[in-house]
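Take a look at the structures listed below.
Each of the next two complexes has subunit A plus one other chain: subunit B in the first, subunit C in the second.
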Partner chain A sequence: MKRRILAFIFYILGVIAVCIIATVSFISMKINPVLNGPGVTETVKLSNWFEGIKNTNMDTNVYVFDSGVEGGSILILGGTHANEPAGILSAIVMLENIKVETGKVFIIPYANNSAISHNDAMEGAPEFYHIDLPDGSTRDFRFGSRRTNPTDQWPDPTLYNHQSGSTLGGGEVSNLNRCYPGDPDGYPTEKLAYAIVQLIKNEKVDIVIDMHESSPEYPVNDAIVFHQNAAELAITAQMMLEMDNIQIRLEESPVNLRGLSHREIGDSTDAMVLLLEVANPSQGRLRGKTDEDLVVTGLDKFYVQAAKEGKLYAPYDENGYPISLRVARHITTIDYIIQSWNMMSEKQILIDDIPSYENLINDIGSFLIEHEG
Partner chain B sequence: MKKVSVVFFALAIFFVGFVFAEEVFTLEQPAFITSAGQSPGALQMTVVCKMVKLDYTFEKLMTADDFDPQAYNCAIFVVGASGKGLGAAGIDIDEETARVVALAQKAKDNGLPIVLTHLEGAARRGASSDLLFNELSPFADALFIKEESDAADQMFSNIAEEKEIPIFFFEKTADLKNVISEVFGL
Partner chain C sequence: MREIYTPEVFYFILMLGTFIFLAAIKIPIGVSLMFSALAGAIAFGEFFPVRHLVEGAFGYIDTMLIIATAMIFMASIKHSGLLDTLAKKMALGLKNQPTLLLVLMTFFIMIAGMITGSSTATVLTTGAISYPVLKSMNLSKKKAGAIIAMAGIYGMIAPPVNLPAMIIGQGVDMPYIGFTPPLLLLTFPLAIVSSLVIAGNQLKPVNVDELAIEDIPSSNFAIYLPAIVMIILMVLENVGILSLGLPLIFIISAILATFTGRKGNIFKTSVEAMRDSLGILSILAGVGMFIQIMTLNGVRGMIVGFLNGLPSEILLIGIAIGIPLFGAVSSYGSASVLGVPFLLAFLGGNDIVVCSALSLLAGLGDMVPPTALAGIFAAHIVGEKNYFKVWVAGLPSFFITMVYATFVIANSKSFGKFVEGNSFYPVFFIGLAILFVLFIIFDKFKIRRQTT
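Entry: the complex of A and B
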């Protein structure tokens, strides 16, 4: 009898231990990592612009680079979709390296902070990936989800009736890039979109860049999607990129595609809005094993085969599409967008120490500060 | 005999000069620009035209009924089919083809020289883009083509050769400035 009671107690203790470990692990995923860089002048919460997300997992860090010299301003968004790591990593590389000489830069690496706190286990997605640093150590980064964590927003409706009148699938109300321009009284993700739009309006942001990744079989790939007000900016940047032998496609934001950053922020604010896409096989439906290696190298044998059969919209071969290349494309595109802006506007944005395309491809780790991710 | 030789030589120079003069293709401002396929290529064209200070009007959905050929000295069709662009315009590829063909016909009937352009490279080649180009090619007086667009199958080179019209190649979009400057004498 005594043995049975002891076995029962050990069993209960074991269950409690598992629960505690799982809880600690789960809660730790919700801690927004604080980053830093030599040019950051202030780190503030997005809730500064809309209190409705304060003390929730939707709130996120905004890194401000204020030169103190009057000029233009730009908001750079990574992590709108937290399973598109090149956008997040590009934002982190920029914030850990740049210094702003004229104008003001805002960087939000985890635009949907809730989405980085979980991942898509049913997609076989990894929880983390790491980048090698020059000293031999590694830096770990989370791999998140396209959508808001259900513990922050649940349940979603069967259909999402966007305020524009469009009807979307219900799950899209958890997708930040379908919730713009946001709703202060809506779902948490709609509140998040509203907060970002308030930042843009209140800070009179001139340019907004939203960084993404896309499946190589998707036609809008390695592309700049631009609101019509930003056409000249996008086209000039494209021509500059082309001069450096970086091919990028242009797509104008369709007026009837609602809820997306390039459409709604462009319509509802004075900012010029551009969305960047870069090909990533770990996003695609043709991929095989989905692991950290695929995220970092972008190499998948099924995509190699698809490329040979002419099924892809991105140049792809046995070299894969590594994250260093994807980040290099994003950052160089941002650099040329800013240069284009400076050619057109008196409100200059002058930034030093943007890592170059070649250096990022060769050794992205040397542009990351050696601390936790 | 000497006199005959001099006359023959003079005639030969005149004839050769005449032939070469015929080969110089020129256009006059103002230009009318439209899209054929609603891709951003037409917008790229306008940015390049702005850079070289060309006098132009851009209407991406201009119809033959609304087009005033007397207001322009040439018409430029920038070919590139975009599903998103057509969807945003609320038209399909058949409607777009009908629109641009009617527009080209009206321009041609009114004596406007017509240029077809493809400047978005291989990424903007495909069945719909090729369909538009082939439907418009009977009206073309010249082609402005990005080298990469033509590289795989020389479709544009072949059209130019068959129609015996000039084709102007450029390597990068920014190089189109040189073509426009040359043709318009800017």
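Entry: the complex of A and C
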């Protein structure tokens, strides 16, 4: 009897220990980072545009760069999917470096702030990755999930009946990029989408850029996906990129693919909406060991093999697809989109100190400020 | 061995070997999976993988809740007498047409899967209801169990709700539109063939004595309320009017069942049902840990890469075997991990047809050990302790399904032309009607021959 009681106590203590360790690990992901940069004129909460997300983990920081000179405006979204780190890092690099001379820029690095606070189950993903800085130190960044944290939104329905009438798997209701144009009375992720759309409408945003990454075996890769209203912008930017030998594909937003930013924001606001994709092996299904190195270097032997077999839609070789290259592609594409806009609109957006493609590839760390990411 | 697969192949052998050894010395399957995951993590250099094990264990939390509550619901309606009453009503009308009754019962079982997209929920609801009818037609436990399990899988794949197809489609940004005709063509003919093949010569007209209902105080309308409420709530959930979630729907219906028919005690029923389901719940937690570590150490990538890299001549065989085999750990996981790259490998055919067929192969994973959710629960409801007997009885249907799905993938363009044509629905439903008439004639002929 005594032995059984001891075994029971031992078992309970074991369970408590596991719970504590797992909880500490889980809570460590929930710190809300505050960023800053020389050009930031104001940091506000997204809930300023829709109170329905106030005091929730869905609320997120919006970094405003107001030149004070009348011009156009652009919203740059990173972290719609928090397991696509180049989008987040590109937003951070921009906000820590740029200065706006004309017009207004809004940057949201963690568009789904809840998604950055956890990892996808059964994906074995790292919680953090780090970038080396010039002084020899490192800066840590979180690696998150494609979806909203279940502690903020759970359970999801069996089916997600999108307001457009299309039916999606239930889990997609916690995927920000399936919830646009949002619903003020819907699930938390739908409220988040609604808040972003309210920002765009109230601030009369001219251009919206939503940064993503995609697995190299996915057909839409290294691409600009554009709403039909933004076709000219996308085509001109593509021409500029190709003049710099940066190959990028153009994909028009399919009309029947509902809930996505490029389709729904484009349909429901006056903004020109573009979504950027760049290949990232750390989220692909063919990847081997899943660790921080894979996130940073983008080098995976199974992807090298798949590339040799002609199974990929992105150029890939033994050099991998490092995060510096992925960020460089995103930022340069944004730069050229803005230049294209300035060529066709009187509402100018003039930005200084956008890091160049080559400099980003060579030393992305030199564009990062030393603090917690 | 190709260099590219090391060291992952050693991790895989270690994990499998640990699992087989522990299972052989009678360590519970869920615990064996956890320790084999632990071994894989340590070999990889992750010596303290608590975070990964806990994260992986949560991978199936929704499925676990559905299973636990569906088990409570099933136990409640069994106690209330709803199971026996429904079975009797359904069986008596067609007591002398066993072939037709068998096919209709198979379709009936599929309904829950068509609404919920879950083979487990199907087996534990409409599957449980239909068992007394199958039993009254002289079918053995293992055959009845196999029919229920396979019908559960076909139901989960049949339209309107097919979660594996949605998962695969989402992986390539393909909207879930236009799937109804190919899914109808993939599931209903198979369901007919499958149930007839499994039943074989055992099928006999309904033995009314088998359906005797004892001591049920009320056989009036009230006894059906739990099933009616359950179906209404499921439909409301799926059309987006009232989203309660399957677990709550099952619990509400289970509580209702304690007040209709034989009076029950929901707490007692819940404890018994949970005791019955703990084994499978622990397997699911273990499977989640196993996949998490497989992904972490690269074994998953090795498997996907190997299958995806097969030469085109044998790629189809790789798909036919690989997807159901991976579905052994999870049919949804298989759809996501293997279904998406395989769909991409077949771009250029009819994508909707290929995606539908891949979802069927993924669904088959619910019959593959060690999880074999459909098989295990079917064995549970028919009272067969050794679920391998149910599994073996279902093997012919399993292989027929595998071959049919692969054939459809290989000929997706031709199938696409048919299912997208205007003649599909008339041909499909007229074909079904003709079959039903043939079954009636066959049953009459068979009974006449037996009596003479």
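Going forward, the second predicted complex is superposed on the first by the 344 of 373 C-alpha atoms of A that agree within 3 Å, B and C clash if a C-alpha of one lies under 4 Å from a C-alpha of the other, contacts with A are read in each partner's own complex, and residues count from 1 in each chain.
Here, a contact is a pair of C-beta atoms (placed from the backbone, for glycine too) under 8 Å apart; a residue touches a chain by one contact, two chains touch by 3 or more.
If you're wondering where the values come from, they're calculated on a predicted model, not measured in any experiment.
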(request) Record, for the superposition on subunit A, whether partners subunit B and subunit C clash or fit. (result) fit
(message) On the A-aligned overlay, A:L257 touches which partner chain: subunit B = first, subunit C = second, or both, or neither?
(response) both
(request) For A:K301, decide between first (touching subunit B), second (touching subunit C), both and neither. (result) second
(request) Please name the chain, subunit B or subunit C, that touches the greater number of residues in subunit A. (result) C
(request) Look at A:M243 in the shared chain and tell me whether it touches subunit B only, subunit C only, both, or neither; answer first, second, both or neither. (result) first
(message) Tell me the contact category for A:N55 with respect to subunit B and subunit C: first, second, both or neither.
(response) neither
(message) Applying the document's definition of touch, where does A:E232 land relative to subunit B and subunit C: first, second, both, or neither?
(response) first
(request) Have a look at where A:P219 lands relative to subunit B and subunit C in the superposition and call it first, second, both or neither. (result) both
(request) Take the Cα centre of subunit A as the vertex and report the angle out to the centres of subunit B and subunit C, nearest 10 degrees. (result) 90
(request) For the combined overlay, can you note the least CA distance between subunit B and subunit C, rounded to whole Å? (result) 7
(message) Identify the residues of subunit A that lie in both the subunit B contact region and the subunit C contact region.
(response) 219-220, 254, 256-257
(message) For a test of understanding, state which residues of subunit A touch subunit C in their complex under the given definition.
(response) 18, 21-22, 25, 119, 121-124, 127, 155-159, 161, 166-169, 172, 217-220, 254, 256-258, 285-291, 300-302, 305-306, 309, 311
(message) Quick check on the complex: what are the subunit B residues that touch subunit A?
(response) 40, 43-44, 47, 50, 82-85, 87-88, 90, 120-121, 123, 172-174
(request) Using the touch definition up top, name the residues of subunit A that touch subunit B in the complex. (result) 219-220, 226, 231-232, 234-236, 238-239, 242-243, 247, 249-252, 254-257, 313
(request) Give every residue of subunit C touching subunit A within the complex, in rising order. (result) 4, 8, 44, 50-52, 54-56, 58-59, 62, 65, 116-117, 161, 163, 166-167, 170-173, 175-177, 237-240, 243, 245-247, 288, 291-298, 301-302, 304-305, 308-309, 333, 336-338, 340-341, 344-345, 347
